[in-house]
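Just below is one structure, and these are the notes that go with it.
The letters A, B and C name the chains in turn, as written, and every chain counts its residues from 1.
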Amino acid sequence: MQHRIRLRAWTLLSVALLIAAWLILTWGGLVRDLFLPPPDELWDGFVDLATDGYRNRTLLEHVEASLWRIGAGFATGTVVGTLLGLAMGYWRPVEALFAPFVEFLRPLPQLAYLMLLIIWLGIGETSKIILLFLAALPVSAVAARDGVRNVRLQSILVARSLGASEWQVFRHVVLPSALPEIFAGARIAIGVVYGTLIAAEIIAGSSGIGWMILDAGRFLRSDYVFVGILSIGLMGLALNGALVALEARIVHWAGR
Amino acid sequence: MPDATDGRRLVAGEVFVSFAGVGVTYGSGAGRVPALEGISLDFAAGDFVCVVGPSGCGKTTLMQSLAGFLKPSSGTVSIDGRPVDGPGADRGVVFQQPALFPWLTVGGNAGFGPMLRGESRAARAETVEQHLRTVGLWEFRDRYPYELSGGMQQRLAIVRALVNKPKILLMDEPFGALDALTREKMQEELHTVWRRTGMTVLLITHSVEEAVYLGTDVVVMSARPGRIVERIAAPFARREGERSSRETKSLPAFVALRERVLSLIWQSAET
Amino acid sequence: MTTIDMSANRRTLLKAGLGLGGAALLGTIPRRARAAGPDKINIAFFTETSPSAIAKGNGWIEDVTKAKINWIEVGSGAEINTAVAAGSVDLGIGIGSAPTAAGLSQGIGYQVVYIRDNIGPAEELTVRTAANIKKPSDLIGKKVATPFGSTSHFRLLGFLKTNGLTQHQVTVLDLRPDALVAAWQRGDIDAAYVWAPAKSKLLAAGGEVFRTYDKLEAAGYVIADLIVARTAFAQQYPETLVEILKAENRALDVWTSTPDKAADIIAKQAGVTPEVARADLLEYDFVAPKRQLEPKWLGTPGHPGRFAEVLQSTAKFLAEQKSIRSVPDLAVFQKGINTAPLGQALV
């Protein structure tokens, strides 16, 4: 307990030092507000974005737009990816069918095929969500496949000897065994989706926190950019925290 | 085949499990490794057969061919008159590692077999409770396997197999990972269960003492390829009256049989 | 030509003789050495149909500066602003007046040294013929795309404002020119405000011009393409800057005297056919260097022209749009225009 409090103190200290450096650099006039806005400008920018908004939308509406895209892309991407990965891990022919695509897609930078998505799917929400979907899918698929591959053979043999059919082995042994890796994959996927958000919102944006950062950055409105980065960062922390909490509840046995 | 490799000697009762000229070969081409060769072994319902032998003698392969985890390259394995074709609920399996399902509670693990057959929670509750009570795990029914000690985990693995009411229990070094004291306790418990249920058991073990103590029959195997050296009837499992495990294990007859089995293993390991 | 070669030789000799290494040494070396040009110049440029492409395509900038030119292609003036703020671009060729007004308002250290063209009708609203858009109110409920932060964006918003249309009535989408063409071809958008060659592609794919520029210019929404120089660069290498502007003037001469030859070279640089290049070029009002020094445009040293006012009113509009925080005094824009190099280039 004592130890944990001390660690917490170290964290607070590092944050406090960072803030102190920020105050000295900006209010001390060492750095121009173009490069780093001082706290008062940042606060004004935040209030302005929250109440009056940016390009006809308030900060909250931009956050909502982004969360909707992340949610839709992540949910569809991880669900489809996980199902695909489970099938790939369990049935070799499925692996043979899909592995080349998954392995090819996984390291591909999303910006590389952004243009194609616009041409194929248009500039609406579909292309944005598909981009995020494609970012999440291979990560989840590989995680689920590896999860299946790492199932202990003895667990399967025991289940078979207890009378499990092939489907029951999958449902009651393989799937739960793979859950820890599926969750680990989901956490990586949310990171990748998050990183792809700005790319997705480049497509004919007029909403979304990623687009806002990008557009404000064009005019070097660093106060808006910083507010956007702080928002996106806090959103990320919250999303990851939610996933970790869910993981601890569902795969309570992992690592024991 | 010389007589020595024939373990088909059946004393009483009808043939329940039969290995007929079973051979198992791993690999192919130049890398072929014969693991079992010419295994013929019959035993009756209610027998407690212990298989001992040096490392690499194919004890586990023998068990796996009966469990249906692998298909023999030659010969047939049959149980209750029907050839073995894949794993089945009639043959319960316990490994050295308990291989419990960590996402299920103790109760959930114990009732796994009936659950697979679609029995309702209420229907399987009674059997599960009864089995868990006999091994002292009832109060842990809502805990998870990782909250149990090694011995408790192995008890649960045995219970999980027994709840499913198999015709035969196949055990591969079930107590190999336990400390000496727990091991003796578990031997005692297994013995009690066997005495009470009259279940047929095939036990693979490294411990000659365990084999002589628990088995109605001790099968000694030789290494590479695994052959049956000798099948010896052991009288101690069906003993009458109350005698503690320590007392039994220090009987001159027990010591003599143990030494005989040990020397057979030594001989087979040297040749 | 001979003079250029001689001066170049002299520079090379000086460099060798003095062992001129880096810019840091400049303060300590004799006055004459200041005439020495830089080893490397970072120039930001657009792929567009303009005479600047002749100077680039013929390698004239390399020839007159005797420096290694690092050509950096950009997609927007905003990128030039960012790069100059970071010190990684010395010269921005073809930057629009809207991003320049934003940059000067934010104190980015550069100066306008040249007006290449008054954009006029070259950037214009293009509408899909099938959408039957004849008057401004026909745009209600339609999607209009433009690259945000550009002169076209500025014009489009001005057009909506002067016609009493809000962005709730007309959806304004942010698309880069290449993405814009793709969206148009798919039928995702009904109108676009953009420049060539994207504009030509829209016209070729079922589009027609919806004329806005004349009324907008009358209402003060003048847009122009400029050349900006990083202030520190302009002070350190005034002669180099003069030579570059001379090359730019020569390129313009090629276009005015031999349009066909110019169109061929420019077409190759912009990736369009000579016919398209020629048609695009005809829409620009290239401001002759002498005209640039008139009071209507940049003015002369000590006598700032009215273009500073154009920049300031552009900045005011951008501030209303929240693209920039505040608008500085006119003097800031006047100081942000440096006509000395162009004056020397014309001597």
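The definition used in the following text is that contacts are C-beta pairs under 8 Å (C-beta built on N, C-alpha and C of every residue); 3 or more make two chains touch, one makes a residue touch a chain.
The structure displayed is predicted, hence computed values, not measured ones.
Looking at which of A-B and A-C shares more C-beta pairs in contact, the answer is the pair A-C.
For chain A, the chain whose average C-alpha position is most distant is B. When each chain is reduced to the mean of its CA atoms, the one lying nearest the mean of all protein CA atoms is A.
Inter-chain spacing, taken between the CA centroids of chain B and chain C, is 86 Å.
Chain centres here are Cα averages; for chain A and chain B they lie 50 Å apart. Mean C-alpha position of chain A lies 39 Å from that of chain C.
Against chain A, the residues of chain C that register as touching in their complex are 76, 78-79, 81-82, 85, 99, 102-103, 106-108, 145, 148-149, 167-168, 171-176, 178-179, 182-183, 185-186, 188-189, 318, 321-325. The touching residues of chain B, when paired with chain A in their complex, are 67-69, 86-89, 91-93, 95, 97, 99, 101-103, 112-113, 115-117, 144-146, 157, 160-161, 164, 166, 170. Contact residues on chain A toward chain B in their complex (touch as defined above): 152, 154-155, 157-165, 168, 172-173, 176, 179, 251-253, 256.
Interface of chain A with chain C (complex): residues 32, 34-35, 41, 48, 52, 54-56, 115, 118-119, 122-124, 202-206, 211, 215, 217-221, 223.
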